[in-house]
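The following pair of complexes shares a single chain, chain A, combined with chain B in the former and chain C in the latter.
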Partner chain A sequence: MNEQPKPKKQIGAPMNRVDGHQKVTGAATYSAEYQLPNITYAVLVGSTVTKGRLTGLDTKAAERAPGVLAVISHLNAPKPPGPKPEGKDPSQPQTQGNPLQVFNDDKIRFNDQPIAIVVADSWERARYAAGLVKAQYAKEAHQTNLEENKSNAFLPTAAKKNPKNPMNDYQRGQVDAYKTGAVKLEAEYVIPTEVHHPMELQAITAHWEAPDRLTLYDKTQGTMATRRDFAKQWGLPEENVKVIATYVGGAFGNALHSWPHESAAILAAKVVNRPVKLMLTREQMFTMVGYRPYTWQKLGMSATPDGKITAITHESVGQTSTYEEFTESTLAQTRMMYQSPNVTTRYRLAALDISSPIWMRGPGEATGAFALESAMDEMAYLLNIDPLEFRLRNYTEQDPEKNKPWSTKFLKECYQLGADRIGWSKRQLKPGSLRDGDWLIGYGMGVGTFGAHRGAATVGAQLLANGTVLLQCATTDIGPGTGTAMTQIAADTLGISPDKIRFELGNSSFPKAGTQGGSSTVNSVGPATQEACLALKDKLRTLAGANNPAFASARKEDVTMQDGYLTVGGNKDTRVSYADLLKQAGGTAVMVEAKPGGEGQKYSMYSFSVHFAEVRVHQLTGEVRVSKLVSCADAGTIVNEKTAGNQMKGGAVGGIGMALMEHARIDDRFGRYVTKDFADYHVPVHADSPAVEVAFVNQPDPYVNALGTKGIGEIAIIGVAPAIANAVFNATGKRIRELPITPDKLI
Partner chain B sequence: MAMNSEHDTPGNSHDEARRSFLKQSSLLTAMALVPGPLVQAAAAELDEKVAAVFEKIPLKLEVNGVKHKVSVEPRTTLLDFLRENLHLTGTKKGCDYGQCGACTVHVDGQRVNSCLSFAVMHEGKKITTIEGLANGDKLHPMQEAFVKHDGFQCGYCTPGQIMSAVACIREGKADSEGEIREYMSGNICRCGAYSNIVAAIQEVKGGGQKV
Partner chain C sequence: MNQFQYVRPTKQQAAIDAVAKDATATFIAGGTNLVDLMKRGVMTPQKLVDINRLPLTRIDADPGKLRIGALALNSTVADDKQVRARQPLLALALNAGASAQLRNMATVGGNMLQRTRCSYFYDTTMPCNKREPGTGCGALEGINRMHAIFGFSDKCIAVHPSDMSVALVALDATVQVSGPKGNRSIPFAELHRLPGDMPQKDTTLEPGELITAVDVPDGPFTKHVHYQKVRERASYAFALLSVAAALDLDSNNNIKAARLAMGGVAHKPWRLTAAEQALVGKPATEESFRQAAAIAMQGAKAFKHNAYKLKLGPNTIIQALKTAASVA
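This part shows the complex of A and B:
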């Protein structure tokens, strides 16, 4: 027998991205970059008032402007045949999911709501004409300030309807038991509105290829979800709508929802009967595609003098719009992270005259962790215990919320990895102890967790004549490197080199997958890739077995693919060429759906992270510099050390933004954002970011899926902002409970 | 792409614009001599075409070694000209205010935010975009280094980061990590791949290759 050398294991290897070449040469094509014949350009006109009715709209000048093909508003827009957004019972607010139907009525629900769309034969002409549209309004009093509306906060409708909904009030032990604790604290925390701001402006190219056939080149995290939404809106069978998102220029959650601008572009393409391209401006990214909602929180905690938590109460009020109820898991971490016998949580919403929020990286949990992990630091300080030691004393060996064992939890290992790397031993309990000239130095930590979610996913696989295996799935890649990870998984499963594999994604016509959100892609699509590859091997074995008895008796695991031939265990005498296999009737294509089993019933499945920050605070100017960040994760198996590490670093940078700079500010007198671009909404730049050090425990979780993965995207940011806030306290003795920590709060 | 070839952008050539301008001009002269109602009727139709001709002005420039003779509106930014007229979409639009750097290109070797610059300002200039950085199939060392160090995630800011990174070394502003971070701060990466981008630049700088 001719034993072939075993191929190098790809899972875990720091392989370069499969789409790296496309991305560094400018060949990667994003949704506004498809060259379609007769393309037209659309610009949205937004309302300049916050609430009321449109009483007049003068579009004549815009219509007469050079190059203009159409000006569409509620006065002349065709009404898509699908269900209306308000539903049958207008007293019931819409829950998440349906895109706002634009130009449906004269009602203004938020400032900069699209009131018209101008289509022309160039950007310049569309933009100029959009400025000629004049609107009159009947204004009504608006509410855009959450603090002023906290008293009207309500339990989400979904929770009222279903007592099992996790947004309901939660309690174990005594309600609000912290109030009678030996050592107690009570504090309020605020996270302002933050905006995702991916570098790619939200863009869509809408093309009606026939009166009942729609193709969208769209920035979306879920090609199938977008297809479903717009098929429904236009009353079309889903197969008549095709959504292509081969490359997505970042999203961080803002492409998990269908938005008004998409509806508007599709409507415009219908009216002008030509492809329409629409790209939002940076200002419109504040008002039209969601944001992390302004959230007020109150946290009460009590502990014994020797550092055992006895009770936690965590309440929050998050903002939502008047036309959708947006909810997120702000209080989830508080219920399961620490061993407290008494825990109470209360989640409420306040509806404001602002556009709807949407999940932003580490949704809810990142907000909640700011309060919880800051309070942990505050309590450790009150008790005069090292904050890492305090967390160890309250470590949970099983899930105290669900009373189930963890599938895996290696958070202690993360603590150790991080503490060693940041040099935690240098940290002093007394704030302001370390300095370097005018710079005060401090250390802080913050913990993060997120559910290891897995959904159903289907992958198609086939052998091509050139010896390549083609895999397809409707999943998307907003940057983590999905295609690369899947190629590695396929390479190991098939036992072939990654350069013989092509993984295609970002197309709703491919085998179905969920949206890229909630750190679930590798957990879901990974096992589907694995199973599709095994099915392909089996199919090839069966085809080969028709002419070669050696295959008929072989196990699929023993089938070897190399140099254009299939063999049993590398034995040359058994070889059958790919060309012969492909000649056989029926082809090689297989399609396999992989679904989670019942493991979730038995185990509590979470990814965990801890972030350690070293900050330098200038004692005269209050300038905060993050001089070192160490992020450690228990995310199960790491498929690609390089891309996974990059995701962790990126989350940490996002956390610097949360902690120190991001704040979308509204002037409540007008209900309008005063932050409109990167000059006043600051995000971290090169100079704000230290070299981030990343360490993974890299232990497989045997229950989430056969690969052992748990997810990375969210835990990369959850816990970073409190780590920095805690480090600022350690440096200065000042506890900042309202983000961002700008110099004015420190001097 | 062939170097130094003379290239007229289809449907947008200088000559074509001039020809149609002359045609329109003689029509305008004729219109002045015919009765009012007819002029009005014709004007509705012609309004746009006449405006189009007056709005555009001729421009000669070289992009990635290819010479272009075109006519463009003076309000067209270099960014929109590259993306929409030449279909060179490697140069990205991220803000349109010169705040994010995604649109960075080289104009006569200097890095420029193409969104803050009108196309007509570049008469006779040589523009290099991300599509023109590689030498045929051979990637530029900075492109190689970005792939090796994973200096990106979504890839959208990447062309601008790479164009800026090359310029940063040429400007002599890549001597330390701190200096690189300072002189690269005009290029935002919201995915936060900064550590890896800096590593890529340091490698190219350290390698001593001519960029």
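This part shows the complex of A and C:
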């Protein structure tokens, strides 16, 4: 027998991105870069009032402007045959679907709502003409301030209708028991509106290839969800709509929904009967594609003098629009992170005259963790206990909410790793103890958790004549490196080199997968890739059996693929060439759907993270610099150390933005944002971020899937902002409960 | 953006004539401010007179002064050996502004004439007396955390955003101007004006007047200088507030001369002469700095969201002076 050396294991290796070269050389094609024949360009005109009715729209000058093909508004827009948003059933949890129908009526529901779209033969001409559209309004009084509308907050309709809905009030033990606790605190926390702002602006190229066949090159996190939404809107069979999102230049959640601008571009393409390209401006990114909702929270906590939590009550009011009820899991971490016999949570919404929010990285969990993890720090100080020790005293060995064992939980290990790396022992319990000249130094920590979600996914696999294995799946890659991770999984499963694998994604005609969001892609598409590769091997074994009986009795694990031949365990005598296999009828293609089993019934599955920050606060100017940031995660198996590390670092930088600068401000008199560009809406620059240190426990979870993964994207940011806020307290003795922590709040 | 004509004269007089004779014409240099404002519809010139072909890029190290051409790039000036040796405060202030890419485009003339960053000024749907006289001041009762604490009027409370200007006013610079009526010099402190009843007018320049150079006289401030800029992130942000400080110290560490100016507090770079005088003859100690800072803040008044500047102002002055004094 002629044993082949075992190929190098790819899972876990820090492999470079398979599409890295395309991305950095500009060869990758993004949604706004498809130059279709006959293409046209569109620009949206937004409402300048916040609420009311459009009483007049003068489009004559725009229509006469050079190069203009159409100006479309509610006055002349064809009505798509699909269901109207007014008829939307609010008992359904708000997810993808039912985008605000544009140009449907004269109603204005938020400032900068699209009221017209101008299509021209060049982008410059479309933009010029858009400036010529004049609107008249009958204004109505509007509400854009959550603080002023807290008293009108309501339980989400979906929760009212369904007692099992997780947005309902939660109770374990006594109601609001913290009020009678031995040591207690009660504090309010605010996270302002934050906007995703990925580097790539939202863009779509819409092309009606036939009156009933639509192709969209669209920035979306879910090709299938987008296909479903617009097929429904236009009353088309789903297979008549094709959605392509081969490359997505970041999204952070803002491409989880179908938005008005997409509807508008599709309408416009119908009217001009040519492909239409529409890219939002940076200003429009504030108003048209969602945001992290402004959220007010109140947290009450009590503990025994020796540091056992006895009760927590956590309430929140988040903003939503008047036409959709957006909900998120702001209070989830409070229910399961710490051992407390009494826990109360109350989630409410306030509907304002603003556009709809959408999940933004770490979504509600990151918002909630700011309150919970700040309160944990506050309580530790009240008790005079080290905040890490306080968390250890309240560590949960099983899920206290669901009363189930954790599938895996290595959070203690994360604590240890992080504490060592940041130098937690240097930290002084008394605030303001450490300094370097005028800079006060402080340390803080924050914990994050997010459900290890897994959905069904299908992957297709086939052997090509050139010896490459082609894998296809409708999933997207908004930046985490999905194609790279899947290539590694396939390489190990097939036992071939990664450069013999091509993983294609971002196309709704590929085998189906869910939307990329909620840290679920590797958990879901990973096992589908693995199983598709195994099925391919089995198929090849069967085909080879026709030429060589050795295969008939071989186990599929023993089938080896190398240098254009299939062998049993590398034995040259059993060689069957790929060419021979491909000659056989039926081809090699397989398609496998992988679904989660019943493990979720038995175990509670979460990823965990802890973030440790060292900050320096200037005692005169109030400037805060994060001088060290260590993020440690229990995310199950790490498929690619490099891309996983990259996720953690990106999340940490996002957390710095959340903690120190991101704040979209509305002038409530007008209902308009006053921070409409990157000069006014700050995100971190390089100088704001230290070299983030990342450590993974890297222990497989045996229950989420066969790979052992649990998900990384969200826990990378959840807990970062409170870690920084807690470090600021440790440095200065000032507890900032309203983000962001800008110099004006510290001096 | 509106449609416009574009000309690129090579003769200074032609450029001046082009703007002087056409009320809708305007100069364009690096374009980093003007083009943004045109894209947002805030400025709508019918004609752009590109001055980049004029020979105004030189930095002349004359005896007693530096003459910096109006078209010298911000990055060129900040890196210039003579500037760094003779006016290090100017180099520090320039490098505190914008980003390396912008400084490579932006000119000295354009920098001092950049317009306010008030959000209401930038949004053509909002009221703003500076953009559209008579519409009201959006910031007065709006979100005014970036706004003035000195020298404002009830018509406008905006601040001048340039960092470079703060150093130039501290250094007693002079602006050289050429216009339809000939040449004149304007002391830097008189270039920008307070809003009063005419917030639409940022400066004392007459229509068609072209800035050709800025002169910075030599002085004793070659060592103990500092530009302290407080902003909401570590770089690439406009100042919440900034301070340019320059000290001349004797061998006993007593102050022989001082220069002090603040940015982000008024419609013009805000020179603090009373505080400067209070420092002269005093030891360079935190106590002296504290007293000067208190004097500097006299007369400051805050609005709803910018009261923090009443504290950030003196603190930043103290920090700037401390750093300047300790520069070895």
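Throughout what follows, the second predicted complex is superposed on the first by the 738 of 747 C-alpha atoms of A that agree within 3 Å, B and C clash if a C-alpha of one lies under 4 Å from a C-alpha of the other, contacts with A are read in each partner's own complex, and residues count from 1 in each chain.
Just so it is clear, a contact is a pair of C-beta atoms (placed from the backbone, for glycine too) under 8 Å apart; a residue touches a chain by one contact, two chains touch by 3 or more.
Since the structure is predicted, the reported quantities are computational estimates derived from the model, not experimental observations.
Of the two partner chains placed by superposition, only chain B is touched by A:642; chain C is not.
After overlaying the two complexes on the shared chain, residue contacts for A:747 are found with chain C alone; chain B is out of touch. Contact with both chain B and chain C is seen for A:684 once the two complexes are overlaid on the shared chain.
Of the two partner chains placed by superposition, only chain B is touched by A:30; chain C is not. Shared-chain residue A:227: touches no atom of chain B or chain C. Comparing chain B with chain C, the partner in contact with more residues of chain A is B.
When the two structures are aligned on the shared chain, A:393 is found in touch with neither chain B nor chain C. Legend: residue contacts after superposition of the two complexes on their common chain; A:661 is shown touching chain C, with no touch to chain B. Contacts of A:669 after superposition: chain C is touched, whereas chain B is not reached. Shared interface residues of chain A, touching chain B in one complex and chain C in the other, are 128, 677, 679, 684-685, 687. Taken in their complex, chain A has these residues touching chain C: 48, 127-128, 131, 438, 618, 620-623, 625, 660-661, 665, 667, 669-670, 672, 674-677, 679-680, 682, 684-685, 687-688, 740, 742-745, 747. Taken together, the chain A residues at the contact with chain B in this complex read 16-17, 19-30, 32-33, 35, 64, 66-67, 122-124, 128, 196-201, 247-252, 279, 281-282, 478-481, 642-643, 645-647, 649-654, 677-679, 683-687, 689, 691-692.
Residues of chain B touching chain A in their complex: 47-48, 51-52, 55, 73, 75-76, 80, 83-84, 87-97, 99-100, 102, 129-131, 133-134, 139, 143, 146-148, 150, 152-159, 162, 177, 180-182, 184-198. Residue ranges of chain C in contact with chain A, taken from their complex: 1-3, 41, 117, 119-120, 122-123, 125-126, 138, 141-143, 145, 228, 230-238, 240, 308, 311-312, 315-316, 318-319, 322.
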